[in-house]
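Dropping the structure in here first, questions after.
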Amino acid sequence: MNLNFFFEVLIGGLLSGVMYALVALGFVLIYKASGVFNFAQGAMVFFAALTCVSIVNRFGLSLWLAVPLTMAAMVALGLAIERLVLRPLVNQPEITLFMATIGLSFFIEGLAQMLWGAQVQRLDLGIEDVPMEALMNRFNIVVSRFDVAAAGICGVLVAALAFFFSRTKVGRALRAVADDHQAALAVGIPLHHIWGIVWAVAGFVALVAGMLWGARNGVQFSLTFIALKALPVLILGGFTSVPGAIVGGLIIGASEKMAEVYIGPMVGGGIEGWFPYVLALLFLLVRPEGLFGERIIRRI
Amino acid sequence: MNAVTEAGLIDAPAPGARRIGEVILDLRNISLSFGGVKALTDISFDVREHEIRAIIGPNGAGKSSMLNVINGVYHPQQGEIVYRGQPRRGMNTHDAASSGIARTFQNIALFKGMTVLDNIMTGRNLKMKSSFLLQALYWGPAQREELAHRKEVEKVIDFLEIQHIRKTPVGRLPYGLQKRVELGRALAAQPEILLLDEPMAGMNVEEKQDMCRFILDVNDQFGTTIVLIEHDMGVVMDISDRVVVLDYGRKIADGTPDEVRASQDVINAYLGVAH
Amino acid sequence: MYYREAGQFKTSYAADSRIFPIRQDRTGMLLLCVVAFVLVPFWATPYAFSAILIPFLIFSLAALGLNILTGYAGQLSLGSAAFMAVGAFASYNFVLRIPGIPVLLAFVLGGLCAALVGIAFGLPSLRIRGFYLAAATLATQFFVVWCLTKIPWLTNHSSSGVITAQKIVIAGYAIDTPAGKYLLTLAIVGIMALLAKNMVRSNVGRSWMAVRDMDVAAEVIGIRPMRTKLLAFAVSSFYCGVAGALYAYAYLGTVEPEAYNLDLSFRILFMIIIGGVGSILGSFLGAAFIVLLPILLNVIAHALSLPTSVASNLELMVFGALIIFFLIVEPHGLARLWQITKEKLRLWPFPH
């Protein structure tokens, strides 16, 4: 077995895992703050990427302009979601909210394609997809510069979010809201403002994820399926943990690639489609709350 | 003896004929802890057949945990439960239910999506034997069984005077009626021992009187042994035969209501004398 | 006042426990059966059969299956299409490899295969709940479809992965006209709906609902959660399996594993959300809604001369918006709206 090849596959998997983690982060944010499992996160990633790239391609604006414009659109979207979907469903059980976000994902997908069309579009971020010279020349390992840059961006974002949650007042309010809406209301936390903030931040994370994924694979409808891949990430990492999302993403990314490369040829390929889910399923049997999730004890 | 033709709830010994019999439940040196928290420490007491046994004590004394141990929800780390002469420590909930132990819960544990009738019918679950295939056909033995159990459940409904709400979804009922329905579900199982966890919590005086009447009738007419947790001292002293007092997971008194009322330990526990 | 119950006294528990205790309901049901079995085959066009009625019946059956699992037993599942696929491919293989086997028996055996797969993939539900379980059912969905594409024996070594359902022949009569397929599907779905209704109002159904509402309490009164949940998975998968077989034999004719994809699972979930979770009638209403809506939107798009891409995106948006709308306004779906209508009909035309 070629050791260099092994490292290439591993690193490639880890790096794509970082990108999964980024999408999972959006889930974690919203779940932490509102207890809603936002199935529409994938659609939001798609919407953000498509809006951004369409602004660049259709109106000829530079990326520096397109990003803030898209961000504004995402904030508007987040506020609309909070007002029209979440507020009316405030005290419903989690399953109802989950199903509402499934409906939301369909709506956003349709909206994105209706506004900007369904063709695949290229997104150029200015970072090339070429091997990093340093690694290639020194260790004979081929790793894309783009992937490394993406990992770096994700790292910065994650650190910022972790800081935001644990150190700032807003972050603390978010955690309170995630635990118990009624209690948070009782101590005067403005619930709807908080939710608006959360969805806006999640929108921003979706935008970053969308741009990175879009630059890698082209902005197309299959982007929404990447969000589905975030589910196994969350299962492994726990639904409420930011570091959990990272670790989970890394594990899923790496194991998915390794399984495809090493086990795939033995069974006809195409394992990537289900391997992360089965892995997550097996994991759930052993540890139902994920690596970092909180144990829920039910009293009778 | 076929579950359907066995003596129904109405065919019972004449009222006033109850007499307190032998020990049917004996708890010996039960100790229960969760992680580092000791919920129960070395508790021993017994319950005699046909009696009404109360468990009282300040909040957090471990009373619900005690019921959960009897019922099989919690497994004590130490100690033994001897039920009708059979010793067992690790009894699970299904065994407890099929041995004739039924219970109600502090925070009502009814099935909110079903009607009153359906909720009480679930209490007959262990007595229903037909397979799901026969039930799918709803014909022959399955239909006969369903209707026979319906008849028994209607007797419980008559007994608890809830005929007018039998088709109402349980979630829509006021608290007091929900507690009554929960009692009905426990009674439908025709239990030997009935564990009641604060059956009168949150009720007004009239509702409490009704509930007391039902509990006494159950004990009187059907001879069911009753173990109940209750905070209302008037009720406890009035209806129970013997009382166990718990405090901080330990037993501090055990005897008739009068004996317990006079015990200094009990008075200290309730008045909060520093240990 | 036309719908009043006054004067209809039930003098036995059997009468009270009937599926349709009110006489007007019984008459209505009888009329519906006459229309469905006798009138429709005469008057409906082949298009109506193949594009509306047959898919409506098949989806109702699948929705029934999912409703048993998610609506009555409370186990959220996103893998119903996978069980349909198992039913379809298993039936295909039984007909292919056992010469002379009655088609109906093949359907039942296909359903049983789906039930076995359902039990296997339902085992996690004993430890996992809520949307963790939904995520786990995604594993079922993707893995099963992958198996069907990768194991050539299952598709009779077809190079494209597509199988062609064989002709349906029952007791010497070939059923290959739209009307014939419609009647066969109607009979199968009708019988299975009746069985489902019976199960749901018996001890089995009550156990499912108990496990759904509060499984810890259910366990305390003696219900075995493991058996109950696995039975729900088995029955639900059986229903979906038969629906999948009908999907291949009575509707599409040729199918490939990808036809039973995640999108189909979601459509079935939408059917029970809109129709009414935990309701037999709701499964039918939801299926009707989901089958008719795209046709309606197409008609509107045609009338407004919109391009087809817009129409299909509009369909996505309308679906999504309707799901949210129903969850906000009437979480119990169309079935509850129907119930409310009947309540109002009791008094109509009087005001109160």
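Labels A, B and C are assigned to the chains in the order they are written; within every chain, residues are numbered from 1.
The rule we apply is simple: a residue touches a chain if its C-beta (ideal position, glycine included) is under 8 Å from a C-beta of that chain, and two chains touch if they have at least 3 such contacts.
If you're wondering where the values come from, they're calculated on a predicted model, not measured in any experiment.
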Two chains sharing the most contacts, counting C-beta pairs only: A-C
Per Cα centroids, the chain farthest from chain A: B
Averaged-CA centre spacing for the pair chain C and chain B, given as whole angstrom: 41
Interchain centroid distance [CA atoms averaged], chain A/chain C, Å: 33
Separation of mean Cα positions, chain B and chain A [Å, integer]: 50
Two or more partner chains touched - positions in chain B: 73, 105, 109
Touching two or more other chains - residues of chain A: 300
Where chain C touches two or more other chains at once, by residue number: 216-217, 220
For the chain B and chain C complex, residues of the former touching the latter: 71, 73, 93-94, 96-98, 102-103, 105, 109-114, 118, 121-126, 128, 130, 132, 135-138, 142-143, 146-147, 150-151, 154, 185, 189
List of chain C residues in touch with chain B within their complex: 13-14, 17, 195-196, 198-199, 201-204, 206-207, 209-210, 212-214, 216-224, 231, 235, 278
Chain A - residues contacting chain C, complex: 37, 84-85, 88-89, 92, 94-96, 98-100, 102-111, 113-114, 117-118, 228, 231-232, 234-235, 267-268, 270-271, 273-274, 277-278, 280-281, 284-285, 288, 298, 300
Chain C residues touching chain A - in the complex, by the definition given at the top: 76, 124, 127-128, 130-132, 134-136, 138-139, 142-143, 146, 149-150, 216-217, 220, 262, 266, 269-270, 273, 309-310, 313-324, 327-328, 331
